[in-house]
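The two complexes that follow have chain A in common; it is paired with chain B in the first and with chain C in the second.
On to the complex of A and B.
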């Protein structure tokens, strides 16, 4: 029974959970002998206090939007895609091929090509796990985790051999040609006398991420395919009754999911590194799970959650830089955020429900 | 007996959910050693009242007295220690535990199980003897039938020393024979001095077994009467608030050409078991063929195969053309466009998506319909509009297309499914258990719709485990047993006795 008003469900519950996570994080910081308030200030200052900070926060957020959407689309079909990491690695490979081997005249065309390449490679990496799930019932969680390791190994193999420029000591591809360099926020928003986002990696792919949010929203709630995905996710037997093929939905939703995870590469590979390096995904595939969880698998929620996690990433880096607080503590804070917003959700919801019931009783009935 | 204190007394119970007043000033008095029926339509507030009694909800106002003592019931533990036992409609048993293990679950004494189990075994034996509740203590729940499971639930309550036993819609999933057995057990329990509260919406059960009956309507207690002093039509009238037709009124059928020809249809399930062993029958336009049988004798597989999403062998002709029996799921979609509608047996897991809103469910299976399309997109506005009209015509209450289906009562959920399928004006309607878990007012309505469809010259294949329903609706009756059609009968020339025998695999005289 859902007794909470919608605004409380959507706004109040996550906010309270965040607050609890913040308080607990503060205690941990206190325990290692630092000032929680100072640390918090430093995080806000470092992540949101300047266009430079925002440039990093939004860069991370862009990654998380893509991987969060990827998890959400699969989740609406009740598939738990843990393979965002691997699919994003493959997406990077797709971007590298598109950028290195096709002579693009201008970045605006290159980004379209790269997006398609990233999506195709990401989707292809989700194809086999999806097929195994649909045809053999092999659990998607297990297979996608295995495919993460295979993706990492494949990239290793390619970067120390085939894709490495001759004579280079670096496990990376050659630099992409200048025509494929995406405009950064600095290029886009600075004026002659006021340089904004100086040196920050946020780039035009942030807007692609926003478009992806809108596209996913349309897909899930305004297309027949989205209807079929959600129907299958809610009740497989009812979907079968309706004539919706489970195989088709598993394949399609997993490949859309893989494509979205792969598309992250236009941000980190094409936009930031401008070449393909080892380990460039940096766990964003896994953060996507937390982002989708916190964002209630809705594009708007995912957008907000991605920015929050972008803030935690960037703020955490600042903390590590300026204080004796180790970087690992940021992982602790992230874990607390995930714990409270995801797993311990009901801990906040139950008392809130009681509170609302109390208020309601004092109101006249029949309103 | 000089007027003893009531075993259970509720005074002025009120409970509201938001603006909905589920229980309004309910008072009820249950005398010890009686069977007290509580009857009312779905949504009348019966379940809310029982949930309050069992500590799931807290009443906004009112008092509860158990055996004359004022009792607070904040949780189910308190209910148990007050001597109240509950048998739910959906059993709460651990499937892969034995009967004994389920019995002691939550009532183990001590860390080591051995002692509890041997004690439980002794107690179970004496309970079984006292009340005629035979069960095999070492059988696993997953291996025993529905009737047995219910006995385990009753034993669980008795094991916890319940004096007052509340049964919520206990016969919903039982065969007629199992229901009779249950009522015999309840009689035994009553004779041994237990007090029984029986919640149901079936008039016949109330008339057969209760001493006193309380009727609830729209959250209020409409009346409490001695069962012997009231007739079924009177009860139905109090329940619904208007006169109800308890039998179906219909003209004789005028069967037309063969709409569906089924020949030697066989279905093998995923475990390799042959569920349907060669069914052969016809359904003509303008008639209702009723398939009677105890649940699990191949009726579900028959419906699914005809509806297109289960693989079958044999041959099926629809309007004279062969039908694809390969069981490819997308066949189910094709059947719909050919004019075959299907109301599945289990609306909660197949017919509806409980988390979807009413309008989303109206599109289920028809979501590719061009009427619901707007270019590349699905036209949610058109579906909602269509839903409003359909809900209006089928009198679905509340008429809220944006409400999630799980918040509707069983009868209204079924009306949503029927509205979706019947309003499409199908030539053949496959309909399974049309009134399972549906209240009297809605049953009358649903039966009328089915007969009206027949009178328009449509073919109807009705599968039901309710013999009454089969007898009153069908123009011809086929009985299924063990995956086979045991024979066809004319409803005017047969009776429950003969059909009951056929349902058990026996035929009177020559087959």
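On to the complex of A and C.
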């Protein structure tokens, strides 16, 4: 077997996929009569050209780090968790309960409580699909899709009924108390005469996301449980033979995955909106799939891919603002990234493999 | 609830069940051949847009239908190339197709029509008109059978009758023809089909393309029959409900019809909360009715109502012996 060298596997293949996605997206922009280069410049300017732009880019990236890690942990156990969206919705519910019903003295305690609440609710929403997969062999993809719809219906139900403050017209909870306000980047990095990140939603949960990356890295590659998860994902029957319980691994990895997806809510619900709004997840659960695929299921890769998608999201919003290109262009780019890094992986890989084989054959002759 | 209300609800049950049925049958062909297809939703959406757009510009619903089928089949081929030729992950490919359709339809609609991601309203021949079955008006005065025939059976668009006809056609094709036998075999044990000298790749591509045609019909029905034009995200999860119906039906055509009618009935009831309240005396929550197809599917998957076993080779790319 001619496998690719590791650096090509980690760097070259994702870059090629990204390039293909970028070229096709460029063609789409060209086809609707706009200039791809101009659009790209506008995106870079809008997303990275100012601390304000960065503030949005990193805010979106924070969401995607959590959901990307969620998908990746499940992927390592060879489980495809499409339920990140629903788990993130439930995470928001957990954050709302924690913030609304517990009188927190200070945000630093509140964020710990909210993180736990979000993780518990997210994990709970992954519990049944995991149990059905482990005990009944029901396909996790189908059940998590169903749970996404159920989560949306549940939140809809709660926000037009129980959780809506009396007299309010919005489908949202009451505003969280001021003590739960998380410091935004503007609060943290601005000096008296130089205000940075003005009005941008990036907040302290970005650092929680980085900690989550480290935690996932330690979990997967430096603990016994992580080893078991990866062993199960690589070779189920060998893992079983080695005494690893499939039920345990499926349950635990799915619940960790759900918890990570749920934890996204400390960013979008607690950090940005400061109340629970209908539809605040905005598809971030699904973008986690693209992020995990692009980042090759490794926390470092996921971090980079999440920032890239944060850039696309903020840049796309700027495009929609200044040109006739609608925001949905990002959805197209996202689809292409998923297509090339996930489904058409072999297509990208085959020519590269051939190329490397060619080099390997000529090298000894040259020496 | 009086009999007229019941008839109206059953009538809208049929209307709402048809796109589910077409997508469900699409999934049936694909999954029976061993190709998981969670991209039903995206194909339906792409077809809805293309049929709406072409029907508007050409003024012909039938041309729109053809264009819709074309768009859907294109996406099917992407799915085929990814999951058959390049042996990629079928689920990931399906997810990508859903997003591709969700994004492209809006981007292109905005560029072509500039109405915020929708096509202009369709009128006249650009929509499928209801067909009045023979004698419908003549016997409508008959008590009992008359109104049922006139309201429920007659007065639908041609796609409705095509879809209903496709159920027995699919059954015959699947269980009474050589093609059907091979198609089912390729979803259970592709190696045996390969050994018999029949091309697995060819069969699977055929199944995927048939699925594309059926999703195209479903999408065209949404934009040019059920409603008058394309609006953003108009498939609204129907592809996933169809997937749920497929599992509910355990991958069998007649059962698919009943599952889709059931889910269509739930959707029809969700539109008429007043009727539910007056019938059973308590108001049932609309969100609960929305979520019910999904909850039912999970219950089925949990195996409480008989086990749903998918085709054995589903989701597995076929690799010829080396």
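Everything that follows uses one rule, which is that the second predicted complex is superposed on the first by the 361 of 367 C-alpha atoms of A that agree within 3 Å, B and C clash if a C-alpha of one lies under 4 Å from a C-alpha of the other, contacts with A are read in each partner's own complex, and residues count from 1 in each chain.
Please note the rule applied: contacts are C-beta pairs under 8 Å (C-beta built on N, C-alpha and C of every residue); 3 or more make two chains touch, one makes a residue touch a chain.
The structure displayed is predicted, hence computed values, not measured ones.
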Which holds for A:332: it touches chain B only (first), chain C only (second), both, or neither?
second
Going by the contact rule stated at the top, is it chain B or chain C that touches a larger number of residues on chain A?
C
For A:149, select first, second, both or neither according to whether it touches chain B, chain C, the two together, or no partner.
second
Have a look at where A:218 lands relative to chain B and chain C in the superposition and call it first, second, both or neither.
first
Touching chain C in the complex, chain A uses residues 28, 31-33, 80, 82, 128, 132, 136, 138-139, 141-143, 145-147, 149-150, 153-154, 156-157, 286, 289, 293, 324-326, 328-336, 338-339, 342-347
Of chain B, residues touching chain A in the complex:
16-19, 21, 60, 307-309, 328-336, 342, 344, 346, 349-356, 360, 363-365, 367-368, 373, 376-378, 380
Interface residues, chain C side, partner chain A - complex:
38, 78, 81-83, 86-93, 95-100, 102-104, 106-108, 110-111, 114, 117, 237, 240, 243-244, 247, 285, 287-288, 290-291, 294-295, 297-298, 301-303, 310
Chain A residues touching chain B in their complex are 1, 3, 218, 221-224, 226-228, 230-231, 234-235, 237-238, 240-246, 360-361, 365-367
